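Each of the two complexes below includes chain A, the first together with chain B, the second together with chain C.
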Partner chain A sequence: MKPTSRLGVFILVAPAVLLYSFAVLLPFIGTIVLSFMRWDGFDSPTFAGIANYTRAFADAIFRSTFIHVGIYIVATLFLEVLLGLLLAGFTSSLKHSSFYRIALFIPVMLPMVVIAVLWRAIFNSDYGILNAILSSFGLASWQHIWLGDTKTALLSICFVSGWVFSGFYMAIFTAALNRLPSDVIESARLDGSGEMNIFTKIKVPMIRQVTSIAILICITGGLQGFDLFYVLTDGGPYHTTEVPTTFMVKSVFRDGEFGYGSALAIIVSLIGLSMALIFNIWQKRTRVDVEY
Partner chain B sequence: MKIRRWALHLVVTAYSIFALAPLFWMFYSSFKTNAQISQSPLSLPTSFHFGVFAQAWRIGGIGKYAMNSIIATAASTAIVLTTASMAGFALSRLKFAGSKSIIVLFTLGLLLPVQSYFIMQNQEFELFNLKDTRWALIIPYASMGIPLAIWLIKTYIDSLPKELFEAARIDGSTDMQTYRFLMFPIIRPALVTVGIFSALSAWNEFLLALLYVQDESLKTIPTGLLSFSSKYVTDYQMLFAALTMVTVPMIALYVAFNRQIVAGLTQGAVKG
Partner chain C sequence: MNIKKSFTSKSLLILTMVLSLGVTTACSKADTADKVLRVAYGSGGSDAQAVWDEVATAFKANNPGWDVQFQVQNDDLYETIGLKNLLTSGNPPDVYFEWAGARLQNKLADGYAADITDAVSSSGLGAEFNDGAFAATTIDGKIRMVPYTSDVTNVIWYNKDIFAKVGITAAPTTWAQMLDDCKKLKAAGITPFSIGNKDLWVAGNWFGHLYSRVAGDALYDQVLSKQKPMNSPEFVKALQYVADLHAAGYINASANSITDNEGYSLFFQNKAAMLPIGSWIISNQIKDAPNMNMSWFNLPAIDGGAGDQGSIMAVTTGYIVNAKSAKQDKAVDFLKSAFSADMVAKWSAAGITPVAKAGDSAMMDLLSKSMVDLLNSGARIVAPPDTGYDLKMADALNTATSEVLDGVKTPQQALDDAQTKVSTQ
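Here is the complex of A and B:
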C-alpha cells in the first residue's frame, strides 16, 4: 500500500532507525575505521594502515584464543547439541516428560554470571562440593584446583557450558520432533521398526534442518563467548582459557589499545559472519521441499 | 518395552538430578553458617534462619541491583516493543522510498555480534557522557534488540491477509490509526515473543554492563553480584543467600510461564 502521509511513515520508522544507527551502526563503522588507526584513547589517533591486522596475525596469544575457542566449540557441540538431541529423543518417547523439559531449561534463562559464580563455588577447593563429593566416594586423588590448573580449567568451563545449554538444545529438538507428522512414524512402527531405529533412521534425518541451525548457533555463540570465561578464569591460568572476547576486552580496557582491539573485533566478527554466510548458502543448496 | 521405558526414565531422571543439584546445594547452603559450609560442604542445614537474606538484600545491595535491573529491563523492552512494532508495520505494509535499504540495514543488524561495535559504542557513550547513567544500558539493550524484533514482527504482519489493511484504508483510517487500533492488538503473539526475548537478554546482559557502569548504585544484577562476591569473598553464607535471592524468583516466574519463555527464547535464538 501507499502510505497515507509521508509524515506518518517518518514517525513510524524514524525512532527505530535513529536508535539503531546511533548505538549499533555508527559504532560498527567507527570500529572498522578505528581498526586501521593507532590510538591510546587520549591523544589524537594516527593512521596505521594494516599494522593492527598484521600484528594480530603474529600475536601468539591472540592465535591461541582460537585454539581455545575451537576446543570449547567442539566440546560444546557434544555436550550441548548432541546431548540435547539425545535428551529430546529420550523424553519425546516418554509420556510424562514435561517435568524434565521444565527442569532442564532452568539454567538457560538464569543470568550466565549468576551461574558462573555458583560454579566457581562448586569448583572451589575450600568449600566446593565437587572435591567434597570426590573425597566422599574415596576418589580424593582426583581432587583438583579445577579452575587454577592449566590441564582442567578449559574443560571445566566446557562442562559448565554443557550443564547450562543442553536443556536449550533439548527444547529446540523437542519442538522439532513434536512437529513431525505422526503417520510416517506410525507406519514405520507398524512395519516393525524398533524405537531406536525410528529415532536414528527416520526422526533425526527428518529434523536435519533444525540440527544444522542448532550447530550454527552453537558455533557462532561459542565464538562470542565471554561471561563464563570472564567470571570463571578471566583467561587464566597463563592464558590457557583466553578466548577472543576476553583478550579483546583486555587489549582495549586494560592496555588502552583501541586500534588493536578494534582490529581483533573486526577479525572475530568477520569469522562469525562468514560462517553464517557459508551456512546460508549451503542451506539454500540442500533445502528440502517440505517445511516442518 | 516396559523395561526400556523405565530405563529411559532412569537416565533422564539422573540427568535432571545432575542439572538441579547445584541449584539445590546453593539453596540449602544459604542456611548454613560459614563454619558448617567449609567443614562439611555437603551436609544439610540444621536450622533455618532468614536473617542473612535481609542482610544480603539491604547491606549487600542485592535489593538495589535488582531495582536497577528492573529499570533497565523494563525501559529497554518497552522501547523495543514500541519502536519495532511501528517500524515493522511500516516496513511490512507500506511502500515508500528507501524501505528496501532500511530492511537491508536491519538484516545486517541481525548478523552483527556485539563484539563488532562495542569498542566504539563505548567511546561514543563517553563522548556524550552517557556512561554511569541509566541510559548507558537502556540505549544499547534497546537498540541491540530492535533488528530481531523488527524481523519477527514484520514476518508476522507479512503473514496476515492484506485485505485486513485494505479494508481499514477504505474505511478512511490513516496509517497511524491502523497501527494503533488494528495492528497493535492483532500482533500480540509476536509481541509476547519479542518481549520475553528482549527482557531476558537485557536482564542477563553482562559485557556492556561491566564496561559502561562502574557506579555501585547503578549496577545491575550480573555486575552487582560480581562485586558482591568479591566484597564477601570469605562470607560463603552471604554469597549463597545472594545467589538464592536472584535465582529463586526467576525460577518461580519461569515455572509459571515456562511455555511462553521456552518458546520465546528458542524462537528468538533460532530466527536470530
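Here is the complex of A and C:
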C-alpha cells in the first residue's frame, strides 16, 4: 500500500519518530549538553567546558572501573560463553535433554535483583550457606568473607554472573547446533570421528558466526553490568568491584553531580561503541564461509 | 486531492486544538482541585508508618476535603538523591524530612525551606515544644524546620549478660578499660564488636566521634568542612586506634561486607558483645530481641585526646515546609497534628522519642529515657560526618576508615588517598 501524500507518510512515521526522539534522541543530546555543565540538580547549570572530562580521565577510581569491568568481561567469556557452549554440546548429545536445558535456563528467567539478593545471603560470611556447607564438610579453613575481601569479591560476582548467563548462552548455542545439517555429522561419524572431535572440529567451527555474536553480547553486556554489582557489593570493598555503571550512578544519584555523571556516561558509551565497531571490523576480516 | 489534503490538515489542526484545550482544562482543574498534602521521608519502618497514618487521619478530620499523600523512600536513597528528585519533580512534597545542620542550610540556600516563624506561633504548633526546642532549626532568627527527634547517633550498646559472664562488672569509661574488656571477651571466644558497615556510615559515625575526641572538635569540623587536610597528623593518630582494633581482631571480620541490619542481627543473636550504633536500635531491640538485657556507654575517654571527652554524637532531625509549596499553612497544620500530645505518646510507643514536649519520660522505656537524659545533659554535641557535613567529604573519610578497619591500608595511606580524592573533586 503506497502512501498518497507526504502528510500521510508523516502521520505514519510520526509515532515512531516521536517515541524514539523522546526516549533516546533527546536524552542523548541532553546528556551531551549536560556533560559540559556543572549542575547539582537544584541550581541553574553553569558551563564547565571540558572540566568534567579532564576530571574523569584524572579520576583514579573511574579509571580502575575499566580494569574491574575488563576482568569481569574476560571471566564471563569463560564462565558464560564457553561454559554455555560446552553445556549446549553436552545437552545436545543427550537423548532426553529437555530437563537439563530447562534447569540450566531457569536462572535466566529470574529477576537479576532477586538472584543478587539470594547470592548475597549465600555468600554471607556469618550466616551464609556457602560457609556453612564448607564447615559441614570439614573445610572450615576454606570459609571466607566472600564479598568483603578484595581478592574474592569480584570473582564471586563473576561466578554468579556465570551461574545465571551460562544457561542463556547454552540456549543460543543449542539452537545453532540443532540447525546443523545432520548429513555432515553423520558423514563424520561414518568416517570414524569421535563425538568430541565432531564437536570441536565440525560443530563449533560451523557455528562460528553465532559464537561471534555471543561474544559481542557478552562484551557489551559486561560493560553495561550493574544490578549484580550494585546489590552484591555496591562497588565495595573500597571501590574494588566498582564498575563504570555503579560509579556513574553514585556520581549522579548519591553525589548529585549531574554534569560529571553525564560526562562519564558519554565516555562509557563511546568506549562501548568503539568496542562494538572494532569487533565488527574484526569479524568481517576473519569471516570464513564454513557457516552453513 | 488538494481538497482532501486540506481537509486532513484542518482536521488535524482542529483535533490538536481540541486536545490542547482539553489538556489545559484538565491541568487547571487539577491545580484548583489539588487538595493533597504531600509529605516525604525515608522509611522508618511499619510502626512509624502506622503513626503517620494516624496523623493523616487526624489531619483529614480537621481539614475536610483534604488528603495526605506520603512519599516514602528507602532511607539511604532518601538521604542521597531521593529527596532531591522529589523536590525537583512535578509533584514536590509540601513537607519533608531533613537533618539539621549543613543539610538544612543547603535546603535554605536552594530555596526549599520556608520561614515558618509566624506560622509556628499563630497555629499553636510552638506550644507543643519546650523553650529552646527550635534552637537547632532556627537560622538567622527564623524557624526553618520543625524538630522531630534528637537522635544520639552513636553510643556503644552492650549485652549485659555477656559482660557478666566474662566478669566485666561495669561499663568502661576510658579507652584503655574498653580494650581490657575486649581482651576478656576475645579470650572467652566472643567477638567484642559487631558492625555492618557495607554502606560506610556505621563505622563512619562511630569513628567520626573518635576523630573528634582524638583530633579535637574544632579540627574535626575544619577537616570535614574542607578547611584543613584530611591527612592531618591528628586524624592519622585517631585512625591508628581503628587500626589497633582491627589488628587485635576486636571487630567482626565481616564488617565491611554486611549491612547495618545484618550487624544488628549479630548482636541480637549473641554473636557479639557490643554494637556501636544510634538510639534507634532501641525499637529494633524491642521488636527483634525483647529479652535481651541491653545497656549502653558513651564512647570512652581517650587519654591525651584533644577533643571534649564528654561529647556525644547526635543530630536533630525535623520536617521542613517547602518554600515553593502553595499549601504552607496546611503543612504547618499537618505538623501540628503530628506533634500533638496524643500523637507524641503514639510516637513514643513506636520507639521514637520526639522533641515535642508531650513526649515526657513517663511514657518511655528506660533506655529511651536514658537517651533523652543524655541529650539533655548539656554535653557538647558532635555532628556525624554523613548528616552534618558534605556527603562527598563524609564518603572520603568513611572510605578511609573502612580501609583501615579491614587492614588493607595504613592510617597514613588511607587518609592520603582520601585527601587526594577530595582535592580533585
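Everything that follows uses one rule, which is that the second predicted complex is superposed on the first by the 273 of 292 C-alpha atoms of A that agree within 3 Å, B and C clash if a C-alpha of one lies under 4 Å from a C-alpha of the other, contacts with A are read in each partner's own complex, and residues count from 1 in each chain.
Going forward, a contact is a pair of C-beta atoms (placed from the backbone, for glycine too) under 8 Å apart; a residue touches a chain by one contact, two chains touch by 3 or more.
Fair warning: this is a prediction, and the values are worked out from it, not measured in the lab.
Judged by the touch definition given at the top, the superposed model places A:Ile145 against chain C, while chain B stays out of reach. Once the two complexes are overlaid on the shared chain, A:Met109 sits against chain B while remaining clear of chain C. Set side by side, chain B and chain C differ in how many residues of chain A they touch, and the one touching more is B.
After overlaying the two complexes on the shared chain, residue contacts for A:Val231 are found with chain B alone; chain C is out of touch.
Of the two partner chains placed around the shared chain by superposition, chain B and chain C are both touched by A:Ser5.
In the superposition on chain A, A:Pro181 makes contact with neither chain B nor chain C. Of the two partner chains, both chain B and chain C are touched by A:Asp126.
Contacts of A:Phe253 after superposition: both chain B and chain C are touched.
Once the two complexes are overlaid on the shared chain, A:Gly49 sits clear of chain B and of chain C alike. Where the contact sets of chain A with chain B and with chain C meet, they give residues 4-5, 41, 126-127, 252-253.
Here chain A touches chain C in the complex through residues 4-5, 7, 41-43, 55, 58-61, 124-127, 145-150, 153, 233-234, 236-239, 252-256, going by the rule given at the top.
The touching residues of chain B, when paired with chain A in their complex, are 4-5, 8-9, 11-13, 15-16, 18-20, 22-23, 25-26, 37-38, 40-42, 79, 82-84, 86-87, 89-91, 93-96, 102, 105-106, 108-109, 111-124, 139-140, 142-144, 146-147, 150, 162, 165-166, 169, 174-176, 179, 200, 203-204, 206-207, 210-211, 221-223, 225-226, 229, 236, 239-240, 243, 246-247, 250-251, 254-255, 258, 261-263, 265-266, 269-270. Residue ranges on chain A touching chain B, taken from their complex, read 1-6, 8-9, 11-13, 15-17, 19-28, 30-31, 34, 41, 87, 90-91, 93-94, 97, 99-114, 117-122, 126-129, 132-133, 136, 163, 166-168, 171-172, 175, 195, 210, 213, 217, 220, 223-224, 226-227, 230-231, 244-245, 248-249, 252-253, 258, 261-262, 265-266, 268-269, 272-273, 276.
Chain C contributes residues 1, 4-5, 8-9, 80-81, 84-85, 87-88, 110, 112, 198-199, 252-258, 262, 265-266, 271, 391-392, 395, 399, 402-403, 406, 408, 420-421, 424 to its touches with chain A in the complex.
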